[in-house]
């Protein structure tokens, strides 16, 4: 059997693949953060909580209303988007004129509240959610058993990420978004309904988080804490990729997932910190992040 | 002592496939007021940015008092006495006018990192600061918060702060831009006044200012040096007229008042 | 001579964090049931139950405990999930000569380095978890092990203790992989466990990590071929994962509601109040509080020294444990059990989750006194 | 003049306090007050929001605790070791983070602090989730036994006061002047020859060291150090304290620390009291929802009371004072605080 | 036919500070009007108030007869206004050409200039079309800022200090452009510091001081008014 640094090639390949699955979650979450940061200049600390909410909605849909995975894949993001829109309209809106830090602090408060509420209703050990019928089972790839569901996660998230990238970088709507990022008042003076655009963008960004949440529900236990464990790593991903870069967040998200996966084989003790170490190194070499523009 | 404060040799700056400053060589004579003019996009601001190392040159050398300073960092260049102003006004809006000037003076004390000292130790600078404010007619505003100053006065304050650094060479980027006529006049006079004993290199579109106070003029076009000389020579250069003035009118006066 | 004529028991638990389901409100309710069973009075003196949320912060827990002891005249604290809180609070109890009944904590140090005459470690500890699982499993023929270990002190010691037991009983340990605390995805680690081809995959982790490991093990088809052993698991975890995912797993337990008539009766009472079945911590809390109150009734005093002497003197026989006793180092000695999770088909009713695989007698389950590092143990 | 009166009253209150309240609780408040002030030195006067201050607070706590317990160093050295460690962590973290501004800076500090959290979790010396228990208090100068709460209280009070004085001095120092200038217009400060990154770094390290002093002191006071203090929620807590008290005011963080620590410790009691007095059982659940209440306070502060308690009071007094120049003495403390905000 | 712009009794604030006090002015269709004044007189604020970009504002602003004081900014733009701000507002994340193409059409009936026409008018821009917006020089940015509102079909142009910082040759080009636009029937409100630039172009002048209109006159009266202007502006 071929070996690389004492690890069988097959094991290596399967870890790469698994890394890609995790990377898809990073990519989707950091993409949402990047989109929101882009237009609102807000670091959406609540992103993790909304991801959790997406997963919980999927579970609630199934348990209370008997709505299955596929409809919830669409419904949960919509509900979370609506929730996000309410937050934007009632709270975030008043902070745009101020330093961005207030947006961070507000969403931090929202996170504490949302997580606290879910915890007091549903406890912490979480709720089970099983893989949808159509995707149960696994592919035998020869070197590993890849559950069909994991493959679907990669495909679905890549599709969503690329579609988002295309819209923002290549369409007129995207140009409005990018311009609005810099000088919303002026874009409005050109006759574009910027407040609406901002609201919808926030809705879209958090919908991405919820979408990731629904995707994650069958993979990890649906628990109120699932978001807060993830969000800080995603922040590091965003810093590495270069904040506000759409492509950066996608590529870095996937890449770091893979690197993290490999660390789990070669040096598992480091797998929790490897992302932060990479962040430190990247910052030393490129302070603006891999894809970020120097100020 | 060198006759030239600044000598620039074959300075070039390329931005991804675009040459903003192209092989420019220039000498600035000590004690002169030297103007850099040229059409928009000629590379004047870029040239300033290169001199102060806000940008790194692609090629070429910058000699200051005969020393090669091409490799220094921005603040090191400032320490040597090359101080610039910005195209948009640069003051510390929420400090008082006096404090603004003191920030310029303070560095010389060498206590800028002394977080354990009282700020009263800075009061020894007040005398000098008031002198500088007097030079630009701002004494009466000493205790005003800088945001509340009118635009022209802010530019004056900026010059006072710059003077506090005892610059040997001042780089002024469009010092009169956006000013009303009175202010333009005041600032022009101010530049003339402070030029005593130091060298000034300035970018300016306002020809009445240039013709009034500048000893020497360099004209940039598309990143390259097009012409150099005193006002007479430059203004009668047909290439300059074509590139900068347009061909319609004879005198290099432009639409500016 | 009951101090200020009231017997005060403080339930210090986690009402908002990760131990919410494991201890939390259930512990408070169990303690309350014990008090009610005494009619709210011992020898005519009122029993008062107070509770606090330590928020998993040792400084909040110890501040609260200090207030309880100094100002509110609390005589005993109970529960104490979260080991840093338990250590800080039990230390303070010892300083102030009050009783600490640790039912939620699992730290072996309570009966070793940190032991004191005022501490009772009631339900289980890391040693017994490792010991019971290791012994019982190897005896049943599960000889080769691989560990999935949470990368911090708790996980490491659980793995180490279990490995030693496994080896001592003739089993082999094929390896282990460390995962970070609160990892989001366990598949990589489990694949490594899978390729080891060990019969048993021991989960040396806790809480959400256990749950997510089990989920991933199912997804990657590990479970039918290899047996998962949760080194620290409770029925609450089984409940939240469901039988489909957990079937045939094994784990160590100190108590199960469906073991005898007494435990069933308690389980039903508890269920009526909490809408869920108690786990070993809840049952242990009930038992500990009852035993404490009995000792006060017997001595007629709430003086900690007298009560502790009484508690250590008598045998414990209640719905939690039979023929149990509190050892000189503060260890409550009772039988421990190896449980297996039923398949969905085997389960007849809600919460009918477990079946007994092996009973390990107290003397074999817990750390022997000879190995104790407790200063109170005379050699 | 009236500023001094304000401080004198505060000092008198602090000296008398342990006779009315728990000394240990008060010491904890003092430690957090110093922590919040140290944090505020950075956000309030350089505009840098660090979301990683737990690293200094907790990191110093572990180092001090380890030094005192395992190496058996004297009290003073223990604190010094903690402070120095925090300064060193601050130097490394700052050197990495300072190069980015605003929100990026915040995220980088958060991520680096989280890295330290994982390190603390895994290091055997920290005791993992058991925490570092049984840290001895030792003796001051080798003579005065600090085992007595009241004695220790006055020592801690002195430490906190010294730390606070250093912060006030830093704000009003030549260095503080440059910081203000950097905050106002960074490129201009560069063009005047200031190496702004080094100024920011020094401010960062100062803030880290003082946060470390607070953390080390807290470890000695309580006798243990746990992972709570290095977790990011601790960073969030100190932000909250500062925000509640008043961002960029000198005394605000102290007020904020008092409010938040009291809330954390007493919310359950408050809920019970409300339940008893109003007969609404629901209030009891407040005690179980500290995070929800904390979150709500965050939201309310950000939306409605951005200036914090001290800032709002200051603004109120300013308004009241405008028509009449009296009432100066009463508002002095707040007015000074507000003035520094605007500076 | 209604006036292109009619402002009565306009007051405007930035936060607490009251900047415009009772501004009244009107502009006929096809007219070029210049607002003169010292720095800080409130000319920029007047333009911004028309666009709804200040804080609070009261009074009446009719654009082509439609009251706009209560409309949000983006709807005001759709009354057919093109606004070129003082600080230019070039978008860094967009290329020069994307900047140019950004503003949507604001009129259902009018079609603005085509891109070709615009590039013909500003050859510099054609050359730098793929550059990032803010990498253009100050002057190039200024041209781009003017150019991009010509595409939108707006018939009322608000131009704030468009000659500022430009080389004489460009300033002359801009003057020719304004003349062309005027000939095509555009209505233009200019704020200018550069009196020599503005003087020959405008049909009428307003002079502002301290947030109020203090003087207004037609181009024909210019010579008579020079002494007053001298006093007010130091021209």
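Letters A, B, C, D and E mark the chains in the order given here, with residues in each chain numbered from 1 onward.
We take it that contacts are C-beta pairs under 8 Å (C-beta built on N, C-alpha and C of every residue); 3 or more make two chains touch, one makes a residue touch a chain.
Model, not experiment: these values are computed from the prediction.
Listed here as common contacts of chain C and chain D: A. Listed by label, the chains that touch chain B and also chain D number zero. Centre-to-centre, using mean CA coordinates, chain A is 48 Å away from chain B.
For the pair chain A and chain D, the distance between C-alpha centroids works out to 32 Å. If you average the CA atoms of chain B and of chain C, the two centres end up 75 Å from each other.
Of all residues in chain D, those touching 2 or more other chains are 118, 122, 288-289, 291, listed in ascending order. Within chain C, residues 16, 151, 180-181 each touch two or more of the remaining chains. Counting partner chains per residue, chain E has no residue touching two or more of them. The list of touching chain pairs reads A-C, A-D, A-E, B-D, B-E, C-D. Taken in their complex, chain A has these residues touching chain C: 8, 11, 14-15, 18-19, 21-22, 25, 116, 119-120, 123-128, 130-131, 138, 144-145, 147, 149-150, 219-221, 223, 225-226, 229-230, 233, 261, 264-265, 268-269, 271-273.
Within the complex formed with chain A, the residues of chain C that make contact are 16-22, 24, 151, 177-185, 187-189, 191-192, 195, 207-208, 211-212, 215-216, 219-221, 236-237, 239-242, 244-245. Looking at the complex, you find that chain E touches chain B at residues 38-40, 124, 128, 131, 135-140, 142-143, 161, 163-173, 175, 193-197, 233-235. Taken together, the chain A residues at the contact with chain E in this complex read 172, 175-176, 178-179, 181-183, 185-195. Chain D meets chain A in the complex at residues 43, 47, 49, 51, 96-97, 99-104, 106-108, 110-112, 114-115, 118-119, 122, 232, 236, 239, 243, 285, 288-289, 291-292, 294-299, 301-303, 306.
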